[in-house]
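Chain nomenclature is as follows: A, B, C, D and E, assigned in order of appearance, with residue numbering initiated at 1 for each chain independently.
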Amino acid sequence: MNPNNLLIPVLLPLLLALFSFLLPGSVKRLREAVSVLGAALFVYVAVSFFGQKETLLTVPWMGHGIDFELRLYQFSQFILLAVSGFTFLIALYSTVRMAGHARLREYYGYLFLTAAMSAGAVLANNFVPLVFFWEGLLITLYALITVGGRGAHRTAVKAFLIGGFCDFCMILGIAILWSQTGTLRLSDISVVPQGLTAVSFYLMMIGAVAKAGSMPFHTWIPDAAVDAPVTVMAFIPAALEKLLGIYMLSRICLDLFQIEVNSAPALVLMTLGALTIVLAVFMALIQKDLKKLLSFHAVSQVGYMMLGVGTAVPIGIAGGIFHMINHAMYKSGLFLAAGSVEQQAGTTELKKLGGLARSMPLTALGFLVCAAAISGIWPLNGFVSKEMVFHGSYETGYTVFTVAAWLGAILTFASFLKAGHSVFFGPRAMENAQVHENKPPVTLAILALAALCVLFGVWNALPLKLFIQPILAGHPGAAGEHLDFTAHALAVFNPIALISMGCLLVALGLHLFGFKRGGNKAYLASEPIHRLPVLHTIYDLAEARVFDLYEQGIKGLQALSRFLFRFVDRPIDAFYEKVVVGVGRAASGAIRAAHNGLYANYLAWTIGGLAIIAWAIGALLR
Amino acid sequence: MSNLWVLNLGFAVLLVGVGLYCLLTMRNTVKLLIGIEVIAKGVTLALVAGGAARGNLMVAQSLAITVIVVDVAVIATALALVININRHTKSLDVRKLTRLKG
Amino acid sequence: MHLFLLIGLVAFSAVAILCRELLKSAISLAVASIFLALLLFEMGAVYAGVFELSVVAGLITVLFITAIALTRGDGDVAEGRAQRWVFPLFFLALAVVDVLVMRRLLGRIPAIQGSESGGFSQVLWNQRTFDLVGQVGVISAGVLAVLALFRREGGHGKGEGHE
Amino acid sequence: MSLKKTMAQNIQTIIILTIFVPIIGSFTIPLAGLISKKARSFWSVLLALATTASSMLLIPFALRGGELAFRKVLGLGVDFIVVADALSVFMAVASSFIGALIVVYSLGYIGHEENQSEYYFIVLLFIGSMMGLVFSANLVFLYLFWEIAALACWRLIGFYRVREYVLKADKAFLVTFFGAVAMLLGFILVYAQTGTFDLTAMRGTAIPGIAVLLILMGMFSKSATVPLHTWLPDAGVAPTTVTALLHAAVLVKIGVYAFARLFCWTFRIPEGWQEAIPVLAVVSSLVAAAAAVVETDLKRILAYSTVSQIGYIFLGFAVMNPMGVSGSLLFILMHGLAKAGLFLCAGIVIHATGERDIRRLGGQIKNMPWTAAAFIFCAFSVIGIPPFGGFFSKFMVIVATVQSGRVWVAAAALFAAVLTMYYLFKVFSAVFMGEPAGHGHKEGTRSMVFVVVTLAVLSLLAGLLVAYPTKLANVAAGEILRWMK
Amino acid sequence: MLFLYIIVPLLLAGLLPLLGKLSKRLLPDLLASAAMLFLLVLTVIGARPLISGGGVIQQATWFQAPLNIRLLLDGFSLLMLFTIALVSFVVCVYSIGYMEHYGAKANYYALLLVMIAGMNGLVLSGDLFTIYVFLEMAAVASYALVAFGRGPDELEAAFKYLMLSAVASAFVLLSIAVLFAVTGGVGFGAVAQGLKTLNVRTLVGICSALFLAGFGLKAALVPFHSWLPDAHPSAPAPISAMLSGVLIKVSGVYAMTRVFLGVFGLTPALTTVLTVLGVVSIFVGALAAIGQNDIKRMLAYSSISQIGYVVLGIGIGTPLGILGGLFHLFNHALFKSLLFLNAGAVEQSTGTRSLDKMGGLAKVMPVTAVTSVVGSLSIAGVPPLNGFWSKLLIIIALVQAKMLTLAVLAVLGSVITLWYYLVLQHQAFFGKLNEAWKSVREAPFWMSAATVVLALLCVAVGLAFPFVVGTWLQPAADALGQGVNVALNFIGF
């Protein structure tokens, strides 16, 4: 393949973005049409790239080893395909959902810019273009969130700042890695993390997992769920950022660094993953707004991926990556469904919704399938990938992570029972009387994603063999082993799978218990857990954003800044304004006071001066 | 002769000292001018004594005369100043001349 | 004789300074001038002595007396009371220091003997001509100064304006 | 041979023109002012553009790695020596170009003030002194142009003749003068050691630490680096065009240029200082960023931001590896574009609303969308977000710092970048977002908006087409560090 | 020919009081300015070629008849003559406008001319005693000129000035008397020769101290400076310019330098004392100036400070130091005169010297404002103005002489200098226009012309400093650099 073709996935969306920017706002349908068609073309390009031989494009750029290098190989082919697919679906969905929005022009522009940047980041084989695209995504993220309206700006800034901080960490990591290895080419690097390179690993890991939305860098996601357009949520935090983040994390763990099983980096990653799973899902459980609930799950699920990749055993890694793609599908589907509901019912508050299954059957179907998938119901894709992660974490010997993952599974299912129950079943809420099914592009997108969830679950061999196994083939940990995860992908009768099933039952029980306790109101089903003695306090604190690292960080920044300002900057200024001027004035005053106008005084100076000079000359002569 | 020169020089210095004392401690402006005159006398003495001691008497005399002439001019100007000041302040006290300071 | 004249010179100078009345001071100064003139005579410096006698003892005394008469302000200036005992102390100290310094100089200072030729006027005219120009200049400066300070016309301009 | 000679002569002529067109031209501006206001404005813009054009003519020469030094013997060891290489050409182009844009902007901004003749006169003199400075290869002439710049800066900061403002101008002048004379003393120490002021003759000379300290005081005072920085925020009392000029094009870049020219290009400085300067730079960066977070005056925030960014430039030069040096050079360009844009945007806001306290501003995006967009573009560039130009320069500086083994310094610098991000967004939110404070403010004249949009677009283009300036910067970096080999 | 420098002003001074009866304004203005212009041209065209081969001694003539007056001219004297002629010409031009309201112009010019004659004579004399005589001549004229306004301030200042000067003269004379007694002569050559043959270090030390006190008082070196802040501000502005610009340099610095470098020979002890005095003067003068509210008093303190630089430079004793010191002397004559003339213009227009009451005068007095900016920056040592180059040379010389501490102090001094000049600028010219001065007009033509000439000279000397240094200063520094040899060579004449 001609290496220059590698620019197409970047340039095509870029052109689409420019088209959208330049097209006057008054032109209505053309923009949507071109966008959908263009996105389809994008998918076509990605598909045609799939399975190609490894291709490298190198353009000299800035010297110092900074070249514009793109590399197409199995992993990037796969991610590229996913990116293009989601772009297409979101574009399709947006034609309805965003119709008539005041800033449509910018919306599509940023959408395709995001796609272009993502494609670039995925293909980049040199750290500088990688960071270029990677960090460039911050701008589109910022811009897309602000499309949500005036109130969204705060959230957009939050997202930007968190992302920026983590990206800077990654830059530092890259810088260290470069200084250690002497090259910026990703494909040339493979080091053992120790000493400085370990620092580099952690820093780059922060960048990667933060992009994916891991704790504690997740806090903008629930905020954005409220402020940003739901398509943006479905596109970025739910899909693209997971793809990119976990892609990067896998690159770091598989290629750039040689991570041993249960080595310190692996344990750190797993711990972070486990914490993310549990803490985020606890937050998700008690949410009373569908979009917020979904957004917390978007965080929680990252934990599985990190846990999987962090196990450093082949099945775990494969599970993590597989979970990434699965999650992108069902979480997008869920967000899109939520968006559909929002568009039709005007709200996503669980309390105000109910019984929509009849009036919006297709949306409900899509939602339920996706919810089942995320909960890990057999035989959907979520089950497969989660099982792989469970296996992987179990293999490391640290069962505690497996337990945490199971706990997450329980609560995930419980919260989706609550959500599904309160939105689509139960008595129909008064406000929802006039709700109808949404337009075809919307349902099409949702159903397509749901169908993929089923497909990847039932025919899991397809993604596993096509996508996942080739990626791991070159991995040192898997070298020599014959990789085949399909064998027991859907196997139920093994201890781990059985425990997982049991977890689901526990979740059902919890839900029913809560449902009864809450006076048959589904949205209150999580209240028993919410009300648990210690947990309740913690929840309150969390609601007050005490655990929000961003808010605390900003407070810290401000405090530090005030400190530096008051005790370093101002004293320096005071030195000039007060001390120097004061000393000058004081000296001047003293000298002026000495000139008191008395002749005798002046004469005394003269004679004294003569005496001193005579003495000095005498002394110096000797 | 050298000893005589030293003697004269000693007295000349004494005169200058007395004159400086006057300038330092006295208040009356006219008195100060008298102090200046005393100093001038000391200087004249020193000049002539110097000449006399080394056989340069004629030069010394011409120098002394010039000094005296200069002295007159200075004293005249000074007295004119004193009289003018006296017109303004109605006083001869040098310690009241402290308009200019700082 | 020489020493006597020197002591007289210093003594009258001191009196001129310590005298409470300006007029007496001026006269004491004139007497001191006469002593100096005698000293100069004694040293052979006749012309300088004559000049001293006429100009300093005469002209300057007249100037002083005129000024004292014009100002009539000697009554309002009270010299410090301490003068009576401070001056002797100062004088004594000065004299002691003077004697000490001069004794160290005694006979120690090498010197080049002058080799003068010609009389006074020749020296004055041939060697110190430039000084004469200077004298003329200084005198004219003095005259112009007095003229400027006692000028009638013109007023004070803005000189008095600022305080 | 003769061809080469004619070319050298051409280059000489161009350099002389670049230096003296603005300097001599500046003195004709008051004369043009006698004709009419229009003539003066036109003439000023023309001069500025001519300077830019003439400096740009040198780019091909510099890209070829050409280095030309020629001298006019004046006696007393202070010959007028001019050196044209990639470094000086890079600086000259960056400064004169941004300067020219600011002059265009001034047409709208200063259009109704008094003392316009003086304004344009001094601005052109300012630009001219910068041109002279970058081409000077004699320490005395370096100092000379240095002080002319300080002088111009003094008049311009006190442009509004309010007493407090004039006092701030005095402060600026005094602090920079203090630093400058200290630097002069340093130069003289070097002179006492080498017996020459000629930089070209001193390449690779090791100089004593005390001289480094003294010279550094000059650079720090001019480039407003902690602890000699507080005059720069105070200089915000000047018309915004002036502040933009100070921050972006001319003044603060002088110090860093001198750093590159002296401590990288010419002298070998003692080990201890090589270790200390990066730390000093990053401390400056941090303190200033912190101050920017706390301040509420729009222009003071931006001023502290400059102080903070200057720290990076120093850092890049101070680590003395090719990447750091070319990163810092790029930084000068990128920061110049973006900071000029930010200030000029702030100028539009201040011009329209008469308000500088960000707590009393808000919602201006409604009234001035172009300005808001330009502001955020430039802010992205200053923060260092791709694809804007600032990203590359910051990235290179950080990477170079790590490469030189100073991981903690790089980490601190990145932390300052986080602060930068925070305060710039704070400013943007406070000024353009939120509830509108006051309505119906106009966006400013066409020339003003044109310039800010141009700067914003240039900030973006500088990132997308970063390869071109980098080429020049790399050539310069190679030349600068040549003696190290 | 050189005798013209003395006799022309002196004769004119004698004539003017008579001519003044004929024409109160025009004739004195015209004649004085013409005489000064004549001397200036004479210096540039006539006198400079004389010293192409080093110093000369010229026999004065009176209508072709030789007089027994021998005038010494070397590079140093020439520089001083040039400075005197330049500043006094500008001052005369300025006086045309300024002295209108004082009246008695003829008398004023006569005194001024006597003063100039005195300074010229001082510079041209080759004899310690003659130096004293002409010093007194200039001084007596200057007492009267300080008191010319006859206000209480003026009289008080003149009185103190006179009383301190008289003491200084006595010191000088005493020293001359001792030298005369020891060496048997008062000519430079005789004294130098005598001191060379005799070994009288202690005596020379004492004489040095006396000379330093005497001439130091004339030059207003701290601690002998106390009269200057009173006398210079009180005088009419052109006279302030004259005093600060030339008189303290001629009767103080020139005489001191001549004696120490040309007759005694600079010893390390003297170097130390001179440089320390110089630095102390720099700081005392500069610090005192910060707190001043009277514009002219500030300038006067500034003179003390700048004289400190001159003495510092010369005191180093190295060729470069001397060059720097002399250059600064010349420059200071230019810019300090300029600043005093500016102050005079402001005083005349607004009627006040108080900085507090001024403000924003740049708007109504643009020429004065611009020229004063030039002067201020120049004196602070901002390039490319002339003050920078001379300070640069001094500091280079200090560093080369390994006097690093003094160099740092000198540099700091120039920062303080800039400080108070900025205070002056923002109080007087910069800043908002004070309401009271809305109707103030720019100074009359001749005054503005004088300031513009000086300002242009400041710039021109700054830009063309190699030329100026080569033409006027290098010969002067060379003459001094030879030390006592110059004087010894002249003994045969």
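Quick note on the criterion: a residue touches a chain if its C-beta (ideal position, glycine included) is under 8 Å from a C-beta of that chain, and two chains touch if they have at least 3 such contacts.
All figures in this text were calculated on a predicted structure; none of them were measured in a lab.
Between subunit D and subunit E, the least number of touching-chain steps is 1. Each step here moves to a touching chain, and the least such steps from subunit B to subunit D number 2. Distance from the centre of subunit A peaks at C, each centre being the average of the chain's Cα atoms.
Ranked by number of C-beta pairs in contact, the top chain pair is B-C. The chain with its Cα centroid farthest from the Cα centroid of subunit D is C.
Centrality annotation: D (chain centre taken as mean Cα position, compared with the mean over all protein Cα atoms). Between the CA-based centres of subunit A and subunit E the separation comes to 78 Å, rounded to the whole angstrom.
Distance between chain centres (mean CA atoms), subunit A to subunit C: 101 Å. Between subunit A and subunit B, the centres computed from C-alpha atoms are 97 Å apart. Subunit C and subunit E have Cα centroids lying 29 Å from one another. Residues of subunit A found to touch two or more other chains are 592, 595, 597, 599, 603. Annotation for subunit D: no residues touch 2 or more other chains.
Those residues of subunit B in touch with two or more other chains are numbered 9, 13, 19-20, 23, 25, 32, 40, 49, 51, 53-56, 59-60, 63, 66, 70, 73-74, 77, 81-82, 84, 97, 99-100, 102. In summary, the structure contains touching chain pairs A-B, A-D, A-E, B-C, B-E, C-E, D-E. Put simply, subunit A touches subunit E in their complex at residues 584-585, 587-589, 591-592, 595, 597, 599, 601-603, 605-606, 608-610, 613-614, 616-618, 620-621. Partner subunit B is touched in their complex by these residues of subunit E: 129, 132-133, 136, 139-140, 143-144, 147, 150-153, 155-160, 162-163, 166-167, 169-170, 173-174, 176-178, 180-182, 184-186, 229-230, 234, 291-292, 297. The residues of subunit A lying in touch with subunit B in their complex are 592-593, 595-600, 603-604, 607. Remark: subunit D residues 171, 175, 226-227, 229-231, 286-291, 293-295, 322-323, 326, 380, 383, 385-387, 391-392, 395-396, 398-399, 401-403, 405, 407, 410-411, 414, 417-419, 421-422, 425, 429, 433-434, 466-467, 470-471, 474 touch subunit A in the complex.
Within the complex formed with subunit E, the residues of subunit D that make contact are 74-76, 78, 140, 143-144, 147-148, 150-151, 154, 158, 161-163, 166-167, 169-170, 173-174, 177-178, 181-182, 184-185, 188-189, 191-192.
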